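What follows is one structure encoded as structure tokens, with my remarks underneath.
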Amino acid sequence: MLFLDTTAAAPVVEEACEHVNGLDTLWVLLGAMLVFWMQPGFALVEAGMTRSKNTANILMKNFCDFMAGSVLYWLVGFSIMYGAGNAFAGWDGFCFIGSDSNVPAEATFIFQTVFCATAATIVSGAMAERTKFSMYLVYSVLISLVIYPIEGHWSWGGGWLSELGFHDFAGSTVVHLCGGALALAGAIVLGPRVGKYDSAGKSRAIPGHSLTLCALGVFTLWVGWFGFNPCSTVAATGYDNAVSMSHVFVTTNMAAAVGGIVALIYTWLVDGKPSLSMVCNGVLAGLVGITAGCDCVSIGASAIIGTIASLAMCLSVNFLDKKCHIDDPVGAVSVHGVAGLLGTIMTGIFCDSSIDGVTDCTIGVQVLGALTVAAFAFVSGLIIFSVIKHTHGLRVEKRIEEEGLDIYEHGEAAYN
Amino acid sequence: MLFLDTTAAAPVVEEACEHVNGLDTLWVLLGAMLVFWMQPGFALVEAGMTRSKNTANILMKNFCDFMAGSVLYWLVGFSIMYGAGNAFAGWDGFCFIGSDSNVPAEATFIFQTVFCATAATIVSGAMAERTKFSMYLVYSVLISLVIYPIEGHWSWGGGWLSELGFHDFAGSTVVHLCGGALALAGAIVLGPRVGKYDSAGKSRAIPGHSLTLCALGVFTLWVGWFGFNPCSTVAATGYDNAVSMSHVFVTTNMAAAVGGIVALIYTWLVDGKPSLSMVCNGVLAGLVGITAGCDCVSIGASAIIGTIASLAMCLSVNFLDKKCHIDDPVGAVSVHGVAGLLGTIMTGIFCDSSIDGVTDCTIGVQVLGALTVAAFAFVSGLIIFSVIKHTHGLRVEKRIEEEGLDIYEHGEAAYN
Amino acid sequence: MLFLDTTAAAPVVEEACEHVNGLDTLWVLLGAMLVFWMQPGFALVEAGMTRSKNTANILMKNFCDFMAGSVLYWLVGFSIMYGAGNAFAGWDGFCFIGSDSNVPAEATFIFQTVFCATAATIVSGAMAERTKFSMYLVYSVLISLVIYPIEGHWSWGGGWLSELGFHDFAGSTVVHLCGGALALAGAIVLGPRVGKYDSAGKSRAIPGHSLTLCALGVFTLWVGWFGFNPCSTVAATGYDNAVSMSHVFVTTNMAAAVGGIVALIYTWLVDGKPSLSMVCNGVLAGLVGITAGCDCVSIGASAIIGTIASLAMCLSVNFLDKKCHIDDPVGAVSVHGVAGLLGTIMTGIFCDSSIDGVTDCTIGVQVLGALTVAAFAFVSGLIIFSVIKHTHGLRVEKRIEEEGLDIYEHGEAAYN
Amino acid sequence: MKKIEAIIRKTKFDDVKEMLLASDIDWFEYHDCHGIGQSRQERIYRGVCYSTDMIERMHVTVICREQFVESTIKVFLTAGHTGEVGDGRIFVSDVLDCYSIRTGEHGDIVLRDKK
Amino acid sequence: MKKIEAIIRKTKFDDVKEMLLASDIDWFEYHDCHGIGQSRQERIYRGVCYSTDMIERMHVTVICREQFVESTIKVFLTAGHTGEVGDGRIFVSDVLDCYSIRTGEHGDIVLRDKK
Amino acid sequence: MKKIEAIIRKTKFDDVKEMLLASDIDWFEYHDCHGIGQSRQERIYRGVCYSTDMIERMHVTVICREQFVESTIKVFLTAGHTGEVGDGRIFVSDVLDCYSIRTGEHGDIVLRDKK
């Protein structure tokens, strides 16, 4: 049987013993816990921003993204992403889990697994409240199996982007922009929810059922990001790492705080009232934006990145909704796509080699990398979702959508 | 006064200084935090799966389990479990907190305390919605004071099971099976909730009030389990520990993910619809199942353990409910009892000495250990609950049960 | 531009390299994560204990406290608190982030930032359900900018209290009493909520909308406190630190558990029914109480401190409500103020130099320190809130208060 | 055609529902409501006791033909009965006409007999 | 016997309740409802403004003897009054009969006078 | 004055509301309710299937002058219609009087014509 063949424990290569470090391992595993903890964060934000009749469905999707990701990334994904291969994709056999570096192979492997699951889970929010559960699973399998590993290989697995000097420290592009672009493809192919736009094409608000869940989710994501970014140093020993992880922590927090403040001010000025749901998104946009450059920009620059990412997110939410009539219930495209794109590019602008020794990070490559990944993910998404749409159908019946996916897709109501 | 006599700080034994290790201590304390964090996990799962009229009651029970456990395990329990003694129970005086090993005595002590509280809290779910609060407290005191410490001594405190080579790495049997067996005893003695079975003996569904809480609780437990299992290495220094904790992390996650997937498929095939509440239980069953052998089975084997644990849980939920008419509102018996039992036994099957040097783990001893502990806990439970039932009464009046325990037992409603 | 000037990364002073320690840094950053995690804890407790029509408002206030705190403490606060200066206040220029000690400057800086935000967020609960959002922001800015840094400087930044030997390990006084005193000032100046006292002056209960949120918040705070206290050793290397952080962990947990039990017994005896909402407060009172002396009292003493803190909190809640007619919806004054005051003082009584080598901690200084800080915070609060009240107005219109702040202040309802 | 409104204990709703469906009625409407009545529940919140006169009740509305009024009332009087204060009330009033939205029919015919 | 239904501001419910209990009425039923009316509230969700004409209201139902109808209506008109748009309405209709589930009695006698 | 009560599909409420406001009615009241009827939904909870006959519905109440009764009923019959089992019912009954709490006026005058 396939499962039993794998000798799961890292081969006890004698030399490896010397450089594997307990402190680094602890740091990486702590990071894995925290990034895992972002899963409930996403689940809560998405559940809070949608209606209670679809809550069980969206929670289920978040579980499935993580569960499918865990298994598939182990079976195939990690091998494609980090296996030896060409500039486009790697491969090292099934159930490949890498080899020891400063941490055991399995520590690296689990840390990468939770990142993969994060990318997968971004999309569910944008496609909420109208997607067939079974068809969502098809997408979820494909991102963990193919899409994320391939584009991840480019930047992090030794592929062509990494050779060009593309700098994406913890995944503004690799994780968030990829998820955001897929989310955009999904939202476009699906079309808006019933009742989202009136006959005159005016956008109607469909408020989520619980801002409390949404706010709790944002706090959860925020603390998870302290694993996502700082722990991406994947080493904690020695002066340089200690300084680097502290610095990443500070810039991450600063961008998040500033991102929230900007959204607060923006909604206060534009809509007349400070909006909690937009502050939630603003914090996330700041976090997504700083992720690429959190190691190599100054604290001041992180505040600027947070500002721009959050502002762009606010404008994008409006633009997509009111102008493009793309219905993204939780703002996933704006938060992960737009902020991820800008964050990656701004890393090229604010990157300061005196901080983390990153010298070869240029705007040109940053723009190139971000756009290529976005295009790749978007086109893959368009293809997958269109094929599903025209074969089995991507969207539930109107009646099911109106009465709620929970009952018809899962036979359970979230609240009784 | 009793409290003041204890010299709480570890005695500054000079030699100890040399082997106490800051990294190990940090790892153990991190573990204690994470296992503590399982308390809200249990509270949320149990609250979510029961009706809103009993929510304050169930939350209160979870608080009390932990609070009583913290105090009693300090006063007496730890001494019984880890004190010098015979093969059956230890004793080293009141307020014994052990002595330094590779971590300070108090680090070990607090790590063990949170495990004790976890065992205690499992039962509240199975006895939810109909137990007198005061009588529940009596049980809660007894488990932390006597039951858990005694059976814990057998496996972890140098008792007879540990001498036989019984392998229960982080407590499939010691914690979960013990809790599950007590839960079974409690549910049997209490009898089903009013309205659970109709006059023809057909089971009726009594849906919980919030799957959102339930799902959040499962995520919380999942991340808590990354402390429960990996941190049970209680050491993080050196190559072997680094590899071991990484490996435990990966197997834990794999079993959980696979457990969830299996429950998803099971309910989809059997009931026609994928059920969120069963996926939640499936994840937990996978986690419980892998707990005994997470250090010494391969990743592939962990997937198999997750599969079997989850499948057995699904069947057991149905069997207990529909055939035995034992009313376990949250499935605690199936999740902790059945999956814990099977997980312990499967450790004997899949145990691979090349992974963690565990060589003396045999199926026979695993079966013996699991069954003895289960029998001990179950019989203790039967005695305690029966005595309570026939003296003071274990169950609230029918009217209180119908109108909700919150108002009558606590004078408060959870929601207003 | 101001932001860009700051060279955010710690200057690579060669000598620093030698004593900066990765393990200590990891421990401090872990602490920062956990203390950050107290923010959702506060948000949930406060949201749970107030009515659903004001939920978005109170969540927003918690976000703003943290976001404003993060930015302002960086711009100015840290410099006032830890900059070189006199006994009363420090100053080292804008955007000062200190210098490396055993951990990088930025690690210390972010750890202090989250403490500052904690102090700020305490007040929102006491002023809930009736304060103008914009005016709350003014207060929030002032505490992070001036009040907390100044009084923090006295005890922790080398000010006059620290020179007197005032011992406040993790902030019973610096953080909690300061917040509690400000909360008292705010509640007094604001006056009670509409309908809180009937025409005869009898107090009326205004139950919070969700004890589930409240309980989850308390668990969240509890685990956060395992960062607040143990990580305040800010070092994890070597025998002494390992013992100290373990000891702090144990005393913290013991005081919390005992605090909860005392509140349970108190309400059971006095009101006839064990109250979940008071157990929640009891746990928090125990935690606040032990914070000052968690490093230097025995486990037994921590249980006593928990008992007294929780008992005082219970009495104080009643006294403030029924006798003083001060309306504090979440009990912030009693939990943080009263318990913080008593905890600081009791540190002088139970302080045991054999435990942590704290020798110069006397009751006199503890009383002096606690009272001075309380007085300073209370008077500052009175001034700020009174000035606001008499200029722009601190309180929303009666009609807005009756119909809920969410709609009128934020244009959003938390639940739909 | 008569409208029968019963304000019953929430905890008796399941019994009433089953007995109604077992009788001549197979359609009715219900919603949660609160009643202010004689039966009081003591509650405590943060040390402040407040005896609430508010009870959670279910408001059940049945529209039926004249001939079923008596039997329906009997259902409520039987299945809703506990004998303790707080059992609730039944009110009967007149209905002029009744339409089925699906078919557009109106009058007594809409109130089919039990299939 | 008359049925008096009032659709009042939710925020005025406590006043109305107290005044009702202080008058001849000691039992009534209420539930949350929404009213579509002239008074509108502005809301914004994620940048999309929507002025809702939906107001949270309380629906209070009192069944009382003829002689108390007038005084009960007066209670609503007084205690429920703010003078601003959105104060709500009172409707009076006929009730044919009334039963007490506990005692089985029916008719006016069920509507006891205030003890 | 007549009272028109309609028990409609929750999912049809928005349509009904818009059509009502577009007609002569500009005020009405509604609340969530459940209906026991012929249309059943299958649910499963933890492996136990239960087919619920409970449907989430909206109870809409309009009080209107005699002359608008017919048009209002037509609104419900049109906007609330899907043709599938479970569309709901409309009941018409008498109202004796109507008061405006804000103005204290009563009678038909309270039921203003659409401005």
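Going by the order they are written in, the chains are A, B, C, D, E and F; count residues from 1 in each one.
Simple rule for what comes next: contacts are C-beta pairs under 8 Å (C-beta built on N, C-alpha and C of every residue); 3 or more make two chains touch, one makes a residue touch a chain.
In this text the structure is predicted, and so the values were computed from the model without any measurement.
Common neighbours of chain B and chain D under the contact rule above are C, F. Under the touch definition stated at the top, chain B and chain F share these contacting partners: A, D.
Steps from chain A to chain D, minimised over paths through touching chains, total 2. Of the two chain pairs examined here, C-D and A-C, it is A-C that is joined by more C-beta pairs in contact.
Averaged Cα coordinates give chain A a centre that lies 45 Å from the centre of chain F. Per-chain Cα centroids separate chain B from chain E by 51 Å.
The centroid of the Cα atoms in chain A and the matching centroid in chain B are 33 Å apart. In chain B, 23, 26, 30, 207-208, 271-273, 275, 277, 411-413 are the positions where the chain touches two or more neighbouring chains simultaneously. For chain E, the set of residues that touch two or more other chains comprises 31, 43-45, 49, 93-94. Chain-to-chain contact here is organised irregularly, matching neither a line nor a ring nor a star, and falling short of all pairs touching. Across the assembly, chains come into contact as A-B, A-C, A-E, A-F, B-C, B-D, B-F, C-D, C-E, D-E, D-F, E-F. Across the complex, chain B meets chain F through its residues 203-208, 267, 270-273, 275, 277-278, 281, 314, 317-318, 321-322, 331. Looking at the complex, you find that chain B touches chain D at residues 195, 399, 402-403, 407, 411-413. By the touch criterion stated above, chain F contacts chain B in their complex at residues 43-50.
If you check the complex, the residues on chain B that touch chain C are 1-10, 12, 16-18, 20-26, 29-30, 32-33, 36-37, 39-40, 43-44, 47, 55-56, 59-60, 62-64, 66-71, 74, 95, 97, 100, 103-107, 109-110, 113, 133, 213, 409-416.
Listing the residues of chain C that touch chain B in their complex gives 23, 26-27, 30, 34, 51, 207-212, 215-216, 218-220, 222-223, 226-227, 230, 236-239, 241-243, 245-247, 249-251, 253-254, 256-258, 260-261, 264, 271-277, 279-280, 283, 297-304, 352, 354-356.
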